[in-house]
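Paired with chain B in one complex and with chain C in the other, chain A is shared by the two complexes that follow.
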Partner chain A sequence: MQELLKLVIDENDIAFHPSTGNSYQLNDIAKEIINFLKEGKDKDTIIEEIAREYGKDRKEVYIDVSDFLNKLKIYGLI
Partner chain B sequence: MKIAVSGLNATDNPAPGIGVAKSLIDEYDVIGLSYDANEPGNYLEITKKNYLMPYPSLGYEELKNRLLEIKKKEDIKALIPNLDAELMLYVKYQKEIEDLGIKLFIPREKNFELRNKSSLSSLAPKIGLKYPETFVVNTISEMQKVAQKIGYPFMVKGNYYKAYKVYNFDSACDAFYKISNEWGFPILIQKTVSGVEVNLVGVGDGEGELKGAIVIKKLTTTTLGKVWTAITIENENLLKTAKKFVEMTGWRGPFELECMAEGENINVIEINPRFPAWIYFATGVGVNLPKMVVKLMTGEKVNSNLDYPTGKLYVRFTDETIVDFDKFKKLVTNKEL
Partner chain C sequence: MKKYEKPTINRVDFTMASKYGSPLKTQKIRNSIDGVDVHKLTENYGSPLFVFSQKAIEEKYKKLYEAFSSRYPNVKFGWSYKTNYLNAICKIFHNLGSIAEVVSEFEYQKARALGVEGKDIIFNGPYKPKEHLKTAVKEKAKIHIDHLFEINDLEEIADELDIKIPVAIRVNMDTGIYPQWSRFGFNFENGEAYEAVKRIHKEGKLVLTGLHTHIGTFMLDANAYREATLKLMDLKNQIEEDFGYEIEYIDLGGGFASKNRLKGIYQPPEVIVPTADDYANAITNAIYEKNKSDKLPLLYLETGRHLIDEAGYLLTTVVGYKRFPDGRKGYILDAGVNLLYTSTWYNFNIELDKHYEGLNEPSMLNGPLCMNIDVIEENIMLPSLERGSVLTISPVGAYNYTQAMQFIRYKPAAVLIDKNSNVHIIKEEDDLQTVNFKERMPKEL
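Moving on to the complex of A and B:
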C-alpha cells in the first residue's frame, strides 16, 4: 500500500510512480479505485460504492475490482 | 579560473566531458583534453581550447610533460578526468599532479581498487547491496566451464568497458573475442539478474559525506546500453547505499552506482569512479555535481544537495556541426586547437 500512496496522478490521468519511474494510464474507474485505496477503504467498501455509483450488479463489479487489485499487486503497488 | 576536462567524445559511446564542461562554463573557462582529433567535443566551441593528450598507456612521464606544457600555456588550476582508461594514472600520481599546481578531486588509490569490477563482490555486502555471482576468466575454456556451471544467459564483460548478454556458446565466444581484442583481459562472466536498471550519480567529499546525488532510471538505450531517454526517480534504498558507500570508503570525488532494482532488492552491477556520460541530467535538475567537485577541490564550502524533482525526462539527441577541415589539421599537427 505504501507504494500506491506514492503514485502521483496528473491532469491526464497518468499515474507516475517516483521510485520506479513507471507510468500508468488510468481510466476513470481505475483512478477512482486508487483514490478509494488511498483513502484507506477496503475491497468490500470499494465494490459497494462502485456498484451503487454505476448501477451495476455487485458480482460483476466484484470480478472487475478483484482483477484490478491483482494487477496492482503484480505491479508491486499494493 | 581555468579547468581542464577530459573525455570529449560524443558519438555512439559518449564520454562525460561535454556534460561536465556544459555544467561549468557559466562560471569557469573549460579547457578540453582529447585523445583523438575525431572527438566531436574538439569542435563544439563549448571548451575555450582543446589539447591532444598522450595515450595513458605511455605512462606518467608523458602525461606529466603534456600537463606541464598545457599548464604553461593556459594556467589550468584544476582538472576533472572523466575516462576509466586514464583514471588509474591520475589516481596513482595525484600528489605529483597536484604538485604541478593542478588540483584534482578523485578517489584515493585504495578506494579506486576497491570498486574494481573484480573486487565488487567483497565490497557490495558491506554497503548493503547484492552482487551477481561473477567469475574472472582468461580463456575460452575457462569461460566454457563457467557456462556449464551457471547456464545461459549470462553477461560477458570487460574489466573496464563493454558488456554483452549472451544466450549460447557461439555468442559467448563472439563477445569474449570482441571485448578481449579491444580491451584485453581479464574477462568477467556474470550471472544475469532481473529488475529495472537504476543509476545514481554522486559526489563524496573525501570525509565520508555524500554531498550531492540524483537517481535515474534509463527508459531507452542504444545497443551499447548508452542512455537515450531517462527519468529522475527517488529510491531511498539506493540513496542510503550511496551514503554508506561514501561513509565507509571516505570516497573523494564523483562516482556512479549502476544497479538492478527489484522491489527492496538491489544488485550492484558496477561502481564507476567518475561521472557518467549523462551527468548533465543532474545539472539540469538543479544538482550541479561538476561545480560541486570544483568547489570541493578549491576548498570552498559546499552545501549538500540531495533534493531534486522526480519525473524529469532526459532526452539525448544527435546533432551536427560543420567546421573548416583546417581545424582538424591544426589539431592533428599542433596537438592543440
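Moving on to the complex of A and C:
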C-alpha cells in the first residue's frame, strides 16, 4: 500500500511512480479504485460501492476488482 | 447511472509505440460475416462454430482460374480433398469445374459418393492399399505413383485385369526452396525419376501419360514453380524422345500460399504472398519455353489452401478470464488447438465482435482443453472483453476442419453462408452418439 500512496495521477489518466520512474495508464474506474484504496477502504467495500454506483451485478464487479487488485500486486503497487 | 468500464491499469512501455500507432488502442472488429451477425450465428448454431463463405470461395477460385486460363488454354484444377473435405465445400469446387485430388481410399470414396467419376479423380499419396488401387484403376482414376512398390502393385493389377494402365509418376526436385520436399515420388536430379520411367517401360504393363510434382506448402516464391515446371518439362521431353510415351499432362501440385500470417515472418501477407498472376506467370511461361511437342500438355493444379483458407472463420466465445502471475490477462475460449491445428504455424487474425471501451492490455488466448499447450495466441493486445464476447478467428478454411480433433470437447458444427447471405448447416455438432459410434464393450466388463 505504501507504494500506491506514492502514485501521482495527472489529468490525462497517467499515473507516475516517482521512486521507480514507472508510468501507468489508467481508466476512470481504475482511478476511482486507487482513490478508494488510498482512503483505506477494503476490497468488499470497494466492490459494494462500485456495484451500487454503476448499477452492476456485485458478482461481476467482484471478478473485475479482484483482477485489478491482482494486477496492482503484480506491479508491486500494493 | 455512470457507464461501467472494467478497471484497467497498464504500465507504459515506450518500446511498444511505433509508427503504426499505439497497440494500446487498436481494435480489430468484425461483427458479421457476409452480412450475417456473428452473435446470431453462435446463438443459432452454437459456439464454437466453423463458418465458410461461398462468396469468398467462388471469388478466389475465379481469380486463380482466370489467372491461368487467360495465359494457358488447357488448365484444370483438382480440389485437394485433404485441405477441406466437408461435402458441401467439395461440391462447391466441383460445381466450379474442379475435379478431385485425393490421397487415400477414404477421400477417394468420398469423392465417388459425391458423384465424381473415377476419371475425374487424381489419386496421390504414398499409401494406396492394393485393393483400393485396383478399384481406382477399374474406375479409370488418374494414378500418381509414389514409389517402386506401387509400380509392382499396379503391374499385378494390370495382369489381373488384363489391361494396360495409364499412370503418372510423382517427381520431387530441388527448386531452390528450403526445406526441399523429397519424400514424395522419385527424385529428378539424381536420375531416380528417369529410372522409374525406364522400369515402367521395360515391363510394358503401364503406360506413362502424366508427370506430377508437389514442391512444398505455403510457397512464398513463385519462381520455385518456374523451376519445377522447367524440370518437369525437361523430363517430359526426354521421356517422350527416349521411350515414345506421349505425356498428356503435367501436374504442378499445390502449395500456393494464402493470406495467412506465418509465425516468424514479420511482413504482412499482403506484402510477401505472391499473387495468382505471379504463380500463373511462373508456370505457364516455363511450359511455353520448354514445350517441344506440337500439342501443349494439359496442366493440372491441386491448389487447396490458397482457395479455401480465407473463406473459413472460427467463431469462439469468451467463457472467462483470469490474471496470470506475469501480469497478462488470460482469456478462456470455448475453442482451442483441438480445432486450430494450423495455430502451430500461423498468427491468426483475431477480431472482436464490437468496440470495447478502455485500454488494451497484454493478453493470452487459451482454449477449453485441460492441457497447458492449449494456446491460441501467446501475446495479444486486447481491451477488457466480457464473458460472452464473440471472437472471429481467421483465416482457418484450410486444414483446420479436416484436422480438428474430437478431443475433450465435441467437434463443433460448420455452416456455409451462401451468396444471398442464407446460412446452411453443413455439419452438425458431434454428440455422445457420434463419439461412441462403433465402440464396443467386452461382455466381461
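Here, the second predicted complex is superposed on the first by the 78 of 78 C-alpha atoms of A that agree within 3 Å, B and C clash if a C-alpha of one lies under 4 Å from a C-alpha of the other, contacts with A are read in each partner's own complex, and residues count from 1 in each chain.
In this section, a contact is a pair of C-beta atoms (placed from the backbone, for glycine too) under 8 Å apart; a residue touches a chain by one contact, two chains touch by 3 or more.
If you're wondering where the values come from, they're calculated on a predicted model, not measured in any experiment.
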Problem set entry | Fit or clash between chain C and chain B when superposed on chain A | fit
Exercise. Does the superposition put A:G76 against chain B (first), chain C (second), both, or neither?
Worked result: first
For this session: Return first, second, both or neither, reflecting whether A:V65 touches chain B, chain C, both chains, or no partner chain.
Result: second
For this session: Kindly classify A:V8 by the partners it touches after superposition: chain B alone (first), chain C alone (second), both, or neither?
Result: first
For this session: Considering only touches as defined above, state whether A:K38 meets chain B (first), chain C (second), both or neither.
Result: neither
Problem set entry | chain B versus chain C, judged by how many residues of chain A each one touches | C
Exercise. Given the touch rule stated above, what does A:S19 touch, chain B (first), chain C (second), both, or neither?
Worked result: first
For this session: Please indicate which partner A:Y54 is in contact with in the superposed arrangement: first for chain B, second for chain C, both, or neither.
Result: second
For this session: Please state the minimum Cα-Cα separation between chain B and chain C in the superposed model, rounded to the nearest whole Å.
Result: 8
Seminar exercise, completed: Residues on chain A touched by both chain B and chain C none
Seminar exercise, completed: Within the complex, chain C is touched by chain A residues 14-15, 22-30, 32-33, 53-56, 64-65, 67-68, 70-72, 74-75
For this session: Give every residue of chain A touching chain B within the complex, in rising order.
Result: 8, 16, 18-21, 76
Seminar exercise, completed: Seen from chain C, its contact residues with chain A in the complex are 1-12, 24, 321-323, 325-327, 329, 357-359, 384
For this session: Would you mind writing out the residues of chain B in touch with chain A in their complex?
Result: 196, 198, 216-217, 219, 231-236, 261, 263, 310-311
